[in-house]
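Structure incoming, see below.
Chain IDs A, B and C follow the sequence of writing; residue 1 opens each chain.
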Amino acid sequence: MQTPYSHLIDLNDYPVTWWNKVVKLGAEIYQHPQRYVQACAGKIMATLFYEPSTRTQMSFQSAMIRLGGSIIGFDNPMSSSVSKGENLKDTTKVVSSYSDILIIRHPMAGSALAAAQTADCSVVNAGDGGHLHPTQTLTDLLTLHMEKGRLGHLTVGLCGDLLYGRTVHSLCKALSCYEGNEFVLISTPELQMPDYILKILDQSGCTYRVETSLDTAIGELDVLYMTRIQRERFASEAEYLAQRDVYCLTPEKMAHARPDLAVLHPLPRVDEISVAVDADARALYFKQAQYGMYIRMALILMLLESKPKHDLLHGIADAHLRCVNSKCITATESYLPHRFLQTDDGMVCEYCEERVL
Amino acid sequence: MQTPYSHLIDLNDYPVTWWNKVVKLGAEIYQHPQRYVQACAGKIMATLFYEPSTRTQMSFQSAMIRLGGSIIGFDNPMSSSVSKGENLKDTTKVVSSYSDILIIRHPMAGSALAAAQTADCSVVNAGDGGHLHPTQTLTDLLTLHMEKGRLGHLTVGLCGDLLYGRTVHSLCKALSCYEGNEFVLISTPELQMPDYILKILDQSGCTYRVETSLDTAIGELDVLYMTRIQRERFASEAEYLAQRDVYCLTPEKMAHARPDLAVLHPLPRVDEISVAVDADARALYFKQAQYGMYIRMALILMLLESKPKHDLLHGIADAHLRCVNSKCITATESYLPHRFLQTDDGMVCEYCEERVL
Amino acid sequence: MQTPYSHLIDLNDYPVTWWNKVVKLGAEIYQHPQRYVQACAGKIMATLFYEPSTRTQMSFQSAMIRLGGSIIGFDNPMSSSVSKGENLKDTTKVVSSYSDILIIRHPMAGSALAAAQTADCSVVNAGDGGHLHPTQTLTDLLTLHMEKGRLGHLTVGLCGDLLYGRTVHSLCKALSCYEGNEFVLISTPELQMPDYILKILDQSGCTYRVETSLDTAIGELDVLYMTRIQRERFASEAEYLAQRDVYCLTPEKMAHARPDLAVLHPLPRVDEISVAVDADARALYFKQAQYGMYIRMALILMLLESKPKHDLLHGIADAHLRCVNSKCITATESYLPHRFLQTDDGMVCEYCEERVL
């Protein structure tokens, strides 16, 4: 299935050369923003945020405005036709006929892939539930490119909730495509990186090692990517209180880090980085958020200027298979064509990438 | 009472020649949008949506942006000064002093007429409760003009809830002003077109006929205008389940329709058109929504460029009359001058057009 | 502590000469708006409204648009990252890296001062709880300049809730800096102007007199500044009903006023000015709201074009002092440096200006 528009649903729909092109363009825009102030003049971006995400929405909006374009959209499903029971297709179809690019954030996995099938403009996935958030990963890549000067040959520490953290999974997969990266996976035993990511690292030839203490690992890192551990992920409140400090970045821990360490965090943070660390020149998470605006400028330009190069749906139709994930968009939008992908672990739904029956 | 600004409160405030002019301009903009990209440069539209209507609001917003103008507004009465008890006049008065055109949607009948009396800019009625929604009707006219090439000599089927459906009443009245239209009114006996509309059709010289089956009628139609039947309109749940399919448009029913049928729907739809019909080239409801943006561009231009040609209030003041409609804006905004219109059925309130005491 | 950006947190951070400059520029923009339509081209304003204030937000937004700039922002804390527990610093830090000027409204006193410390752009206080609202006062000054032609030698009646009314306190303090102003303070005995304001008037050499009847005072006024008395401020419901009319402006009371009286009100009004007064040419509160847009245009220009001239924090650090005001931003944002100011009444917190322990 091909549409006349270029979309970004999943980073893996594009080759690494395309990622590099977006990153390079992001860096160019960062250095010469004035050259792009009219690049999208007359274009409209619609942001359909079915769940709130102020920072992501404003990042896209300011990106479009800095390209000379305009914005419409909603950030509040309760104030929208959604609350009247309209399906995703109808909302998407109509709004896409008003605009040139549609940014969608939605609590259900596969929602952006669903929207792109019928939209009359480009669609960008700004987070589909716990599934994908490709512009965060592009943000991380631009940040490393700008701050470390390279995307390979880095020793990258990933710290926090590695089991459920969508962001670290995606970054890990992305960095495994570059040569010579080494990963230090820092978490409690209960929140370790899932096996399928470790398998990807193995296959890519990247090395990795598991650690349970941030203190032990920090000294050897080029990059430290912090993520939040939600209190409810711990076995008990006692366990939480005991472990919390082990995974909280403080000035004391920073004292053992290299002078050129880059500390990143997808934000919002809660307690996992002490506010006292903000003053450290190696704390780059706010700068990272700003790079997020520039990479989105690059992405918008790329999508609006390029012809689509790949099919939207690659999977097979099989009447005997069905997705049983209640958080998959196919569970609520009954008109969607069901498609399935063959993986090492069996068939998965193309929308949510969960195992199927 | 005359104001220095042109408003659109009720289509009937303008002659048919004006409607035709807006439709013609809408068609011209659709064909040559580039000619209009600066037409409203420097102008501001404020959208005051006291009840949410995502599609209508975005349609107006993208219309203004495509004319080179800018937008401000709110979509959430709970986030507004309204929640502090401010009256409609004060909000309207202030916001109109910031902007050039004000789009108002409000749950009370007559609210746009009320706002226009004191606003310091043009006012457009984007839906005042169950009363009027003139830009939907203009959208329908542009769609017929573009897709059928004419507004007269059409056989138009209206299907669904004809008793309470504001949209079909307004469209019926509008199309009765053109020559040679024939109406097929398709509904359950309980949801038939009200007598006052039938009287208008009679007086206009249009013919009409009542049908209870969509299947029977579909073969002879040039246009099929579908509307939603709300479950609670049926006598009982059993009745609903029995009747539902009779008024639901499916590929099977489309098989009996003419090859040049135009299927329209004001959206949002729920179940009354099967999603499988979307793929049929005769399904024009998404295109209709897009025409909605172009007709609003034409309307904005017309209102901002023309001098007002009519009084805002035409009715008489009569201290012995009062409007008893609790959903009329005069019920909550006590400062409004009460005005009444003489009709065949007696005196009606000029704001809500309900019978008065 | 100095930041590289100019902010407006408190009018008193600037000398009267600066106020005059803003007022003069506001008047110039009002007279020649065309000269400024590109003044902020390419700039982005972010409005972070942690509590709703439709009019203030739209006033800022239309100001920025009329200068050729663009807007992003939120008006609904529930749709924002705030609801995920993000602190004010992180939100401010990130959004300020997307934009050129940040307008903040927040229920906690001192929130704008807090935000300005870390923001990467100019910050404007659009109301921090019951504490400060400097752009309202600038609006009042521009209104007097435009409508009375001067800011001194005015007899100004202030009527309503003078005890709790933030707006009248601020206006009083501001007008006391100009020569020859006389104040008539009209309120119930329970709601009289607080002593610290009277002390400021005394020190400035302005004269004032206390009145309990609007009827008695109105005949001698150049300016009547009305404010709302909340029902719950009265000793009892009986007291409220008895007193209400005394402080309500009606056409009857206007009959005793000078022909050149200027009636102002910060809006929203409830009952304290009869709607019948709106038609009086001396009722200038709607025009005042419009001047609010022009003074904000002037302010945005001034802040974006000028280098910061003063330190953000002037107070001293003292580990033995702490602010005990539960509505002070230091109560919730624990990373903020505590600072205290020496006043005649002892030490006060620099954020909320409340007495400390």
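Just so we're on the same page, a contact is a pair of C-beta atoms (placed from the backbone, for glycine too) under 8 Å apart; a residue touches a chain by one contact, two chains touch by 3 or more.
Source: prediction; values computed, not measured.
Residue numbering at the chain A/chain C interface overlaps only partly, since under half of the positions present are found in both copies. The two copies, chain A and chain B, are related by a rotation of 120°, based on C-alpha atoms and rounded to the nearest 5.
Centre-to-centre separation between chain A and chain C, using Cα means, comes to 42 Å. Listed for chain A are residues 76, each touching two or more other chains. Within the complex, the chain A residues that touch chain C are 37, 52-55, 58-59, 61-62, 65-66, 71, 75-76, 267-270, 275-276, 278, 286-287, 289-290, 293. The residues of chain A lying in touch with chain B in their complex are 42, 44, 46, 70, 72-74, 76, 78-87, 89-91, 93-95, 97-99, 118, 334-335.
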